[in-house]
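Each of the next two complexes has chain A plus one more chain, namely chain B in the first and chain C in the second.
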Partner chain A sequence: MRRWLMLLLLAAASLGSPGVPAGEAKPLAEDELTEKRLIAIASELRCLVCQNESLAGSHAELANDLRREIRTLIRDGKSDSEIMEFMVNRYGDFVRYRPPLTGTTLLLWFGPGALFVVGLAALVRYLRRRDRAISDTPLTPDEQGRADTLLQDPDSRQGQP
Partner chain B sequence: MIPEVGNFALVLALCVALTQGTLPLLGAHLNRQQWVALARPAAVAQALLLAIAFGCLTTAFVQNDFSVVYVAQHSNTLLPLQYRVAAVWGGHEGSLLLWVVMLVLWTLAVALRSTQLPEAMVARVLGVLGLVSAGFLLFILFTSNPFERLLPGAAEGRDLNPLLQDPGLIIHPPMLYMGYVGFSVAFAFAIAALLSGQLDAAWARWSRPWTTAAWVFLTIGIALGSWWAYYELGWGGWWFWDPVENASFMPWLIGTALVHSLAVTEKRGSFKNWTVLLAISAFSLSLLGTFLVRSGVLTSVHAFATDPRRGIFILVFLGTVIGSSLALFAWRAPKVGLGGRFGLLSRESLLLTNNVLLVVACASVLLGTLYPLLIDALGAGKLSVGPPYFDAVFVPLMLPAVFLMGVAPCARWKHASVRELARTLRWAFVAAAVVGVGAPFLFGEWKPLVALSLLLAAWIVFSALLNLFERVQSTRAGQPFLAAVRRQPRSFFGMHLAHVGISVFIVGVTMVGAYQAEKDVKMEPGDTVSVGGYSFRFNGVREEKGPNYRALVGDIDLLKNGAAVRKMFPEKRFYVASSMPMTEAAIDTGFLRDVYVSLGEPIDKARPDAAWAVRVYYKPFVDWIWGGCVLMAMGGLLAISDRRYRIKARSAAPAPAVTTASLAQNA
Partner chain C sequence: MNRFLWPLIGFVVLVALLAVGLNLNPRDVPSPLVGQPAPLFALPRLDAPEKEFSPQDMLGKPWLLNVWASWCVSCRQEHPVLVELAKRQTVPLIGLNYKEVRGDGGIDIDKLAPGNEKKMVIARAAEWLGKHGNPYTLSVLDMDGRVGIDYGVYGVPETYVIDRAGIIRMKHTGPITPEVFAGKILPLLAELSK
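Now for the complex of A and B:
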């Protein structure tokens, strides 16, 4: 709170002070490739102090620090998977937004695919059985009679909607 | 005094809801007309009582009555009036009240607009809605009463979460809840039909416009939430696969399946059981969403364990609703006819396939949302399931569904042939392929996934145009083309408009995902940075004072080719009462791109007049995401306004009136 007040005071004091000579802004990373890799890695990681935000999106201070740390790791020539491993070693699997494939996550990773296959198989089976069930039940004489009258009556015919 | 009136109104509303949920249902079963006739007046009375309760809570907020716990927790004297009103649904208790208010509004709408329905049906539908309402009122009164007093009253309120102090809060939750709760009407129609044993085309026709209306609200509600997150969270993401978002997305997926399944049930009399099951699922998922969001189980399984009262109640309620509906379904479903016959390839089977894909997609989202909770509850560790997982699972499931969207409207009912479909659609496909493969070249880098997405988006549009053309040609009968176009029913245009909405949405998602550019830079006053063909000149920050916050406002010139486009003012706000900082991005919205700037932190904390960390984004086509949702919703509205619902309403209106009159004479 006090820090913020000071910030505001300073900001107010600085208004109207002469502008600094213009220049191209310095990226926080040294080069674009580093920045691209940082974004890619950081969006796979969870910001640990936020409700549910990725490290790429968070404005939290811890996230800023971690992003800086990842930049350093990139500069040191670490590969993406090495950086990921470093983060997981420090914070556990919780930090990864893409859960690793292990015994406990088998259902998570293969569940949707299995559901897809089972769903389509059930659908085809249902359609076949349904087709048979309908064609196997002949009309009773009473129903046949009603169907005939309906077919003869032009008003009751329905066009293709 | 006013909060006590509100509380009393809630208690009375519960009594009315219990009456509405019992006597009309019994009356319809035992054929007792006096009991059946209770349904409508009860619905009106309940709506009035809840309007009073809601009005009382709003008054407490407007008058800053901090002797009410809920008000003291979610408001502050400095909070501007519009946010004090919206703060009514800014927390747990109030959003539940909003839930029930929405429910009674839907109930009231059904009560007033159902004159063409048989009285027994109306009684059953309103009865089921009454039971749902009773459940929620019990929940509010016993675990989450917004009128609870704080003695002695607080001198000042704790203030509303700054994230919520935004026009988004005023409109997003009511829309979303209208959608969520709207599925209760589809649910009530399904249960009423099961109770009466009349699962027929008439039932499908009655419940169809209601279901579409709920779907329209949910679509708009989700889109608003996404747009809100986009401009409020400060880094321009539009969907996070957050459990709370998933909670609203799952009913949407099932609701979409339901809308399509109802179409088949109405037109062809098939899929009745499936439709009923979807109606039950859509509503159950709405309840599950409420449970997930409201029980605290999402933040931590342990938060749920320390105060399990609310969670247990919703869980029992959820169990009762799902259990009893499924039991009823299991009892009645075997007696339901199969409907018309159709071939393995037909519009029916294609719609059913799309339904399966939507349901599997929904189940996958559910799996991903619940999995961390499950693992944690089993003590097998903590893990996060986030966007990379959902993207990997959800997108492949949706690709075939989107492809089928182009095929199904062109396929015949009952029986379609592959050869005929291929002949009809080949040029649409060729054109789509040309667009899909060619378009990415215009944006620099050619990426295979972009090509595939754009192909599918173009496919939807071209096949819709082709379908329109063919249909008009075949029904034209010598008339001028445009006259024949105008004669097509609105629901036909509604369908295609909604599909084109999906196409527009896909373009937005694809383009922003593939060609977004961003830079995270350190800017001294006077510095410039360029991204996506635009330059930004940072002129420093100045201080500003809001009603309940202080802000540091960045002054940035947006330039294109050296010429000034406009000024942009991203803010860093500091809310006084809650001591919370907030980032307010500045966005220049355009048809083909957004330019987005947000202020990070000063590089040196002690010198906010010097360099700042600034993030700038160039986001091509991002507004198409929400534009697509708006088109989907407009498509739904067009479908509801179709002539056939109005004609049926008018021509069928006298019949029930006569029967009630004659029954009244007999009684």
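Now for the complex of A and C:
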């Protein structure tokens, strides 16, 4: 029943999405090498309009402009780090998906790892404590009987469709 | 009791972090340009397209640079604040008309005859200012958005406060609300005008 409901919901969601006609793909620049470098650089950069999309994948107007700008810089013979600097000088470290390691980004870089270690330590501590707390008490004949009926009789199971 | 203490503390900390984090404005990205000299440019003026304006013309007095376009909906929202500012005549307000034609999703620039863009930009910008009032000392035309990129523009409207020496002292992204104007921009201007 629940599965059907999910399917129905999914179908409804896919119907509801607006059928935006995809625009025709713009022809790649004649220079394949430039394009490759552009994609490599742009994948490292955040689109400021959509924020969770890379500059390489974004369709935002500004992303188009910035890709054009990067293309020009590549043709001018600028190195990748010079282009990165160009972007960071204008939009800040926020444009980089891998911001440099500074005092303010320490938490960003190591916070998740530290949190994981703390969580792991807490889990180990908890499991060890529980291990000590559990003593091997055998089931009483009454409990054993109830367990057997539950295991044998499919009708008494719960939570199954 | 003790069993629930730590999960409870964890939950409270999480709620506190979310309360702070979710109330931050993700559009409020600190600009690296604050404290830096305003990037130079020379762009045609809206009122006299044969003449050019450059930030160097403003050296010696604090001024505001406001990025706007007629297609920008939030610009209409902040416009009354700008008109109010112009009435007080505190500092010059320069408008950077940003991608007036190219930024409008309804126009395909490739289908436009090459010489027509500037004419169209001027007509559209002037019409908009005629309709909503013109608070700008003057506006300049950044038709392809190159100057916008130098200023790190990523969402119109944006406003820059620039001091006498041509250093950017503040950047505000998004419409200027009366609160931002009275609470941040005016005090800063008063300090810079001393």
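By our rule, the second predicted complex is superposed on the first by the 88 of 161 C-alpha atoms of A that agree within 3 Å, B and C clash if a C-alpha of one lies under 4 Å from a C-alpha of the other, contacts with A are read in each partner's own complex, and residues count from 1 in each chain.
One rule holds for everything that comes next: a residue touches a chain if its C-beta (ideal position, glycine included) is under 8 Å from a C-beta of that chain, and two chains touch if they have at least 3 such contacts.
These figures come from a predicted structure and were not determined experimentally.
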{"item": "Touched partner set for A:I39, first chain B, second chain C, both or neither", "value": "first"}
{"item": "Chain B versus chain C as contact partner of A:L127, first or second or both or neither", "value": "first"}
{"item": "Partner chain(s) touched by A:E53 [first = chain B, second = chain C, both, neither]", "value": "first"}
{"item": "Which of chain B and chain C A:Y91 touches, first, second, both or neither", "value": "second"}
{"item": "Chain B versus chain C as contact partner of A:G145, first or second or both or neither", "value": "neither"}
{"item": "Winner by number of chain A residues touched, once chain B and chain C are compared", "value": "B"}
{"item": "Which of chain B and chain C A:T105 touches, first, second, both or neither", "value": "first"}
{"item": "Partner chain(s) touched by A:L115 [first = chain B, second = chain C, both, neither]", "value": "first"}
{"item": "Where chain A meets both chain C and chain B, residue numbers", "value": "51, 61, 92-94"}
{"item": "Complex contact set, residues of chain A against chain C", "value": "48-49, 51, 61-62, 65-66, 69, 88-94"}
{"item": "Residues of chain A that touch chain B when the two form their complex", "value": "1, 3-4, 6-8, 10-15, 17, 19-29, 35, 39, 43-44, 46, 51-54, 56-59, 61, 64, 92-99, 104-105, 107-108, 111-112, 115-116, 119-120, 122-124, 127-128, 130-131, 133-135, 160-161"}
{"item": "Complex contacts: residues of chain B adjacent to chain A", "value": "233-235, 237, 240, 242-243, 267, 299, 338, 341-344, 349, 352-353, 356-357, 359-360, 363-364, 367-368, 371, 375, 380-389, 392-393, 397, 412-413, 518-529, 537-543, 550, 552, 574, 579, 581, 583, 600-602, 605-610, 613-614"}
{"item": "Chain A contact footprint on chain C (complex, rising order)", "value": "26, 29-33, 99, 102-103, 105, 144-146, 149-152, 154-155"}
